[in-house]
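Quick one: the structure is below, and I'll ask about it shortly.
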Amino acid sequence: MSAQLWVSVVQIGCFFGLVALGYYLVLEGADFFNFALGPFAMFSGLTASWLMAKQGWPLGLAAVLGIAIAAVLAVVTEVALVRPIDARTGGGELPSLIAVVAVLFAVEQLAGTLFGRQLMPGRSWLPGTSLDLGFVTVDGQTIVLVAATIVSFTGVWLWMRKSKYGRILRAVGSNREAARTLGMPVGRVRLVAFALAGLVVGLAGQLFSAKAGVSFQSGFGWALSGFLALVIGGTGSVWAPLAGGLLLALAQTLVPYYLGSASLDYAVLAVAILFFALRPSGLFVRRVRV
Amino acid sequence: MSALPLQKAVGSVRSAESARILGTLVLTVAVIGWAGADLFRQDLALLGATYALLALGMYMPFNLAGALSLAYSAYVAIGGYSVGLVATKTGWPLPVAYLLGALASAALAVVLGFATRRLSGFYLAAVTLLFGMAFQSFLLDAKDVTGGAVGIGSIRPLTFFGSELDRQTFIALTLLIVWIVGVAVDRVRRSPFGVALQSSRDVPAAVEAAGVGVPALRLTVLGAGAAIASLGGGLFTTANQTIGPDTFTLHLVMLAIFMPLLGGQGSAWGAVLGAVLVVELTFNLQIFERSGSLIFGVAVLAVLLIAPGGIIGYAGQGARWLRGAATRTRGARR
Amino acid sequence: MTVLLEGEGLGKSYGGVRALDGVSLRLSAGEVLGLIGPNGAGKTTLVDLLDGAQPADRGSLSIRGRKLTGPPSRRARAGLARTFQHPHLALDLTVRENVLLGAAAPKLAGIGGLVAGLVAGAFRPSGARFDATLHRVADALELGDLRRRCGDLTLGEQRLVEVARALAQEPSVLLLDEPFAGADSGGIAAISAAIRAVRAQGCGIILVDHNVDIVASLVDRIMLLRSGTVVFDGDPAECLASPEMQDVYFGTGGENVVA
């Protein structure tokens, strides 16, 4: 395998890891997989690409607006949809699942209606810059993506350790009932988790679509990949989603390289069934605190 | 007063059940008449029928029993490819293909259901969806069987006692089949079997304790639902005489979830109504152009939030309220 | 009297905590066995082990001399029926439909039965062939209007429906887990009468309840459980007067007094 492939593993792995980090935050705060995070990332990327290509906006402004919209979408999903439906159905898993799939579909169609249904090509944040490591060349966008990933993970890690809400989020994640009994603001922390997840995947969508392009249906596949990355990584620590993302990217790059392109989907299915059957809690499991 | 003759007429229909059967038959015949010889309308009717069978296939396992499978795009495709293969590689009559497709889909659904029997909720959704993706790759990859990206073309039409059915007749037949399946599924809903299904969604332990094995119950309806969806794929393929890997995409499964929700889960006809609405919104409404799917998505969200009974459930509530209001005024007059 | 149900050394642990430790029991035809004990004594665990809702860690079970194993559905087909401590009813369905589940379940057993039920449902959905059973049970328990949604019923009425569903199974062994909790005096009378009626037909009944007075008036024998073991097994009057009973309910063990 050529060294250049490793660069793409790192790059895709960072992206999957960021989306999985979004899942992780929502899972800690709300005990629930927000599949709509993939389309939020797509919406963020597509908004910025469209603003730049069709409206002539500068990159920085378009990117900030895109990320902000992803966060707004996440908050609206929680406040206007998940919370009321949870309240009505008593918090069952199936109604919430259907609700996020409906959000996924609606956000996808909203993007398709607003920005058109064709692929928007990516535009690098650091064109003309590349890093020559001797055995391999890393392009500017990959450098930005890796740097942003490290910053995001470190930021979330520090936030969950140092800030008031971050600590509450950890407490809620390890024992919701106890947290509620102790009078912690469980509902507000949930909202913060959703918003933060929106920011993280919004950034991920920006950076990845700048590299690989984006269309209104990209979010569906991203949602699945992020979910798998989290399942592989587990929820043992803030960094587990990144490990899961990198492993998933490695598998997705290696398998077609050695076994042909169709085997990728078989391999992903096999990995998923294996993980769900044997280790549904992922590789990095939190030690149970009694 | 003026309502009395109508009430008498309704009363002469023996029960709500016969009313439902006759009413839906009238509607089916009306759709057949509406489609007529118009090619565009025939396409809409065919698509509506296919979606309706897909939604009816989803209805029993998902809406009644709460057993989720997102591999429906695969089941529909199996029905389609079964027609393609039987038509091009054998001399067998096409109905054999419908049967084979239904059996293959049912068997696959049972195997997949068995392999995932311990999973629930999000994990089950992900695995079945990934299965759908893997199946899509298989369709592209197994060129010898499926024709790869090109698919299978020039499929011969259905013959009936030696004469070929023209497209108009075939689509009329398809719509009648949808009606028959709709009647059957709605009757199953109210039967003891349907009662066991619906109870297994909310109180599986009680169904087990009563003597019905819940895992076997779930597998049975997963298989039956897959067979119904596969029939839809088979009929669609017969009418269009071609099938490829893009005919039934992964996104179809989202429609399959939403259609019964939108129409109303309280009755199998809700699934059919949902299918009609999808086709109307996404293909027929020219004014909305490409925003039809968006309207559909928003409508689903609205139903989830404010009208969990779906359109039929809401209409039923309204009808009950009206009837109640009528009784109340009559009582006041007396 | 013929022995219906026989359990030998039944045990169950949860993460090292022994919920049930070597319990043996015998139930004869036409016998009502009362199962009492404080909260956490293992009463519901024992019912779950008998019915198969939870697998036993140790011990064996037989019904009419044949081994009783497997999931609850198989045991139900061997003649076992149960009610739950918290009513397990499909709240969107009607009273009739919930009771119908009990009556029709034997016909829906196994894959063959399920497929037959699916096909029959498409042609003959009414379930009218079970009407005789339905009405007999409904009259015995005074269920009233069978078309009401179970979600609209009071807890007491839901208890009655739950007992009715179990009776509709026409079991030879009936496990009732706190059937009187939440029921009003009319409901208590109806359930008591139903228990006496099926007892007269030779059904063996295990009755779990907190209410010692009601239990004592209905049962032929009492088993007193404490911390997962049987501390008394015998005549109801003797049990109430026994030192074990005094110790469990009124002793200084720190356990709650249950009326």
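Order as written gives the chain letters A, B and C; numbering starts at 1 within each chain.
Convention: contacts are C-beta pairs under 8 Å (C-beta built on N, C-alpha and C of every residue); 3 or more make two chains touch, one makes a residue touch a chain.
Per UniProt, the chains are B = Branched-chain amino acid ABC transporter permease; C = ATP-binding cassette domain-containing protein.
Everything numeric here is computed off the predicted structure, so don't read it as measured data.
The minimal number of chain-to-chain contact steps leading from chain A to chain C is 2.
Of all chains, the one whose Cα centroid sits at the greatest distance from that of chain C is A. Chain A and chain C have Cα centroids lying 49 Å from one another. For this pair, chain B with chain C, the centres built from the Cα atoms lie 40 Å apart. One finds 33 Å separating the Cα centroids of chain A and chain B.
Chain contacts: chain A has no residue touching two or more partner chains. Residue positions of chain B touching 2 or more other chains: there are none. Of all residues in chain B, those touching chain A in their complex are 66, 68, 115-116, 118-123, 125-127, 129-131, 133-134, 136-138, 140-141, 250-251, 254, 257-258, 261, 290-291, 293-294, 296-298, 300-301, 304-305, 308.
Against chain B, in their complex, chain A makes its touches with residues 33, 35, 80-81, 84-85, 88, 93-95, 97-99, 101-106, 108-110, 112-113, 117, 217, 220, 224, 227-228, 231, 260-262, 264-266, 268-269, 272-273, 276-277, 280.
Contact residues of chain B toward chain C in the complex are 183-185, 187-196, 198-199, 201-203, 205-214, 216-217, 219-221, 224. By the touch rule above, chain C contacts chain B in their complex via residues 51, 53, 71-74, 76-77, 81-82, 84, 88-93, 97-98, 100-111, 114-115, 117-118, 120-127, 130, 165, 169.
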